[in-house]
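There are two complexes below, and they share chain A, which is joined by chain B in the first and by chain C in the second.
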Partner chain A sequence: MNITVENVSKHFGTSKTAALEHVNLNVESGELVALLGPSGSGKTTLLRAIAGLEAPDSGRILFDGIDATERAPGERGVGFVFQHYALFKHMTVFENVAFGLRVRPRETRPSNVEIEKRVRELLKLVQLDFAERRHPWQLSGGQRQRIALARALAVEPNVLLLDEPFGALDAKVREELRDWLRRLHDEIHLTSVFVTHDQDEALEIADRVAVFNAGKIEQLGTPEAVYDHPASGFVYHFLGRSNALPDGLVRPHEFHVSSTPRPGYRQGTLKFIRLVGANARLEVEGEGVSAPIEIEIGKGQLEGELTPGAAVYYQPHTIRTFPTTN
Partner chain B sequence: MVTRALPLPHVRSRARQILPGFGLSLGYTVFYLSFIVLIPLAALVVKASGLAPLEFWTLATSPRVLSGLRVSFSSALVASMLNIPIGLLIAWVLVRYEFPGKRLIDALIDLPFALPTAVAGITLTTLFAKTGWVGNLLEPLGIRVAYTQLGIVLALVFIGLPFAVRSVQPVLEGLGTEVEEAALSLGASWGQTFSRVILPQLLPAILAGFTLAFARTVGEYGSVIFISGNLPFKTEIAPLLIVAQLESYNYAGAAAIAVLMLGLSLILLVLANLAQARASKVVGE
Partner chain C sequence: MRRAVALPSAARVSPLKAHSRAEPLWLKWSLIGLALFFVVLLLVLPLVTVFYEALRAGISRYGASITDPDALKAIGLTLGVIAIAVPLNTLFGVAAAWLIAKFRFPGRSLLISLIDLPLAVSPVIAGLIYVLLFGRQGVLGLWLEAQNIKIIFATPGIALATTFVTFSFVARELIPVMQSQGREEEEAAVTLGARGWQVFRFVTLPNVKWGLLYGIIMCNARAMGEFGAVSVVSGKIRGLTATVPLQIEMLYNEYNTVSAFAIASLLAALALVTLVVKALLEWRGKLEAKSQS
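Showing the complex of A and B:
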């Protein structure tokens, strides 16, 4: 299903700044879009507005071109996954997943046999078929989130909305679930929108990324487009680490480094060097640069012997400038 | 990677408590419980045993005592049940909505705790008597509150309300709105969301509130004696019979009725606690 967000604005309480300010977004059918931004930038508010859990002050939300702004959450055909799972803790895993089917009106409610079949299929899909009789509190965070996902999918939604779905999980589980979600999406092609403040997560699994800043979408595009061609200093900063040199912004991996002076290289003092894995991480104090410069390049690209405290020569090979850097 | 348990430098035969003060705090707990609860209750039983078994049985099954116990227990049960929905509603309003005067209302809830019960009883009687502000409105409808069991229930609802509200309020706060939103987005109606998602998770707290309100009101004396009219076999409560026995210097008789109340209350409280434990287990706490 195609989702269109048309000129949506939302204020909370008496605060002067808007949670959303005239936001426009189009999510194509079958697409996986990430809403990326710092906390308080409006990304969750937009997701909740799409789900019908938040009413926009103005603007419209359309599903397949039909206005759904006034539709109740249960009538939108959306599956919503919460950051803290929001599982029904007094129900077993099975009953959690079955909930959306059991509460249907009698005419559309599947028979118990069908419900059982459907729930088992979903539990198999999220690889938790062994846990159907357990209660949520007996499961780990990653397992709980997979149950929450199965529960959302049980109602056969047209749209899947995920609010920081991996935010409460350990780094390793988060990566596993992230890859798993990408594969799942490739399999079932459900139009999906997920909110995250983790740029790696957004860049790795989304088809397109919408970068939020202060209630507005600062840039919308494929991960490659937003990373390689950031539209503003904000996007550049938010998508990765950066160094502010007098003549512009440089990412840590965009440097040449040498222990001996070379034409075009600048001089600095090596404060710190660490060789872990395939990369070398350097901290260099440069002339006319206030903060230490972070450099991260392949070990093989280091020229000469580098010792902390000694002089080091560096050259940024890509410098970016933006009209206003914030 | 191979990990191996390192031998502890000094292995104690008994597991050492890391959190300090267990012995001391348990000692004090047992001491205070004995001093404040167990010894007086034991003294009560000893006093009642001054009656021969037959005397005790005759007194216990006398129509007036049976009627008193019936009035006390049935009024407390009905009042505590009425307090469940009222308490839930008030807790709901206080947790879920923001409105001017919210803090004032929140503070008002505890007033029945602080108010001398006799004052509550006299106030309610004045209001609900035939000529009172509320009573004269109900009179034409044929509803009499003062000097009936309805009046006793009313007084007990007033006394028990804080327990019903304060037990549910923190749990409702902890529940948050996410599970509700989850249920709504899965297509549940609001009624289904309430009965299938919210209520089961509040059940242990509701039962706790009910139990506390019941325990507090079953022996309530001060507020009830004013509004009940104390008609024997109709609105005479068991605590009043105890006082009557005391006033005629029949201490053993007073203790006997007290022991009866104690026994019945204990049975009901144990049942309520079992129900609460079951409900808590389902919620996973």
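Showing the complex of A and C:
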């Protein structure tokens, strides 16, 4: 299903700053879109507005071109996955997944046999078929989130919405689940929107990324596009570490480094060097630069001997400038 | 669980020694003694006295006191009043707690204050307010009389006063429980297609069931024992508008100690049952909270 967000605005309480300000977004059918931004930038508010959990002050939300702004959450055909799982604590895993089918009106409610079949299928899909009689508290964080996903999929939604789905998990589980979600999406091609503040997560699994800043979408594009051609200083900053040089912004890996003077190279003092795996991380104090410059290059590209405290020569090979850098 | 890790030497002392280091033994025992003294004096002795006085004249006299027609009437009236006040306050308490815990709306803090009001107002004053409002000389008195509705010196007034006094118990018990629950589970239920009452029935209610039962038990106990407000509005017509506590007072004032204590023993027994149920509920609730954390 195609989702269109049309000029949506939302204020909370009496606060002057808008949670969402005239936001427009189009999610194509079968696409996986990431809403990326710092906390408080409005990305979760937009996701909740799409789900119907938040009513926009103005603007429209359309599903397949049909206005759904006034539709109740349960009538939108969306599956929602919460950051903290929001599983029903007093129900077994099985009952959690079955919930969406059990609360249907009698006319559309599947029979118990069908419900059982469907729940078992989903539990198999999320690889937790062994846990159907357990309660949520008997599962790990990653398992809980998979149950939450199975529960959301049980109602056969047209759209899957995920609010920081991996935010409460530790790094390893997070990565596993991230890959798994991408593979699942490739298999079932369900239109999906997920919120994250982790740029790696967004860049790695999304088809397109919408970068949020202060209630607005600052840039929308493929991961390559937003990373390689950031539309603003904010996007550039947010998508990775960066150094502010007098003539523009540079990423840590966009430098040449040498221990001897070379034409076009600038002079600095090496503060610190550390070898991490195949890379070397340098901190250099440069002329006319307030903060230490972070440089990261392959070990093989180090020319000559570098010792902390000694002079070092560096040259940025890609410098980006933006009209206004925030 | 005990761990087989060596403790630092300072901690490896006998339990008794560890205590004696913190405070002198005489202080510990005199504090415990003092606490026990007051518990016995203020709680245990009166309770024993109630049963002792009730049974002093023999079991047959005890039975006769309880099965006295007026006593039975009083018990019936109290049960009837509870049957009105407790369900009303349960309904109100659940609704108010749900509103306060889950929503932000204008007048929310006013509602919170109103819920606490019956605890702050003396029950006698509460009774008087109803008399001034619904009594013959009251604001609505003449109109009520014209409609042939009797509230003061009748069961409706007693039920009303009892409801007022026990207004807060369920709501106050539920608000913190519901607040700690948050909105997420309910939102999840909504996105899964559950309608309002289904969300309440299948998600909200099961999550607060122990708190709710606890609140109802406390509300019930308070409603049975209510004296002040009820004594003002009832008019104390024996066999008609006398509840159990009022009946006890009247018997006592007539120097009918045995009968007074016999009926009082019923309330005392109920208090004990309430305590046991309350302890059980707390234990269950804690057990569940522990297993879910």
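One rule holds for everything that comes next: the second predicted complex is superposed on the first by the 326 of 326 C-alpha atoms of A that agree within 3 Å, B and C clash if a C-alpha of one lies under 4 Å from a C-alpha of the other, contacts with A are read in each partner's own complex, and residues count from 1 in each chain.
Everything below uses one rule, namely that a residue touches a chain if its C-beta (ideal position, glycine included) is under 8 Å from a C-beta of that chain, and two chains touch if they have at least 3 such contacts.
Source: prediction; values computed, not measured.
By the document's definition of touching, neither partner reaches A:166: not chain B, not chain C. In the superposition on chain A, A:103 makes contact with both chain B and chain C. In the overlay built on the shared chain, the residue A:314 is in contact with neither chain B nor chain C. When both complexes are overlaid on chain A, the residue A:80 reaches chain B and chain C alike. Put simply, chain A uses residues 51-53, 72-75, 78-80, 82, 84, 86-90, 99-100, 103-104, 135-137, 148, 151-152, 154-155 to touch chain B in one complex and chain C in the other.
Contact residues on chain B toward chain A in their complex (touch as defined above): 178-179, 181-189, 192, 196-197, 200-201, 282-284. Residues 13, 51-53, 72-75, 78-80, 82, 84, 86-90, 99-100, 103-104, 135-137, 148, 151-152, 154-155 of chain A are the ones touching chain C in the complex.
Within the complex formed with chain A, the residues of chain C that make contact are 104, 184-185, 187-195, 198, 202-203, 206-207, 291-293. Across the interface of their complex, chain B is touched by residues 51-53, 72-76, 78-80, 82, 84, 86-90, 99-100, 103-104, 135-137, 148, 151-152, 154-155 of chain A.
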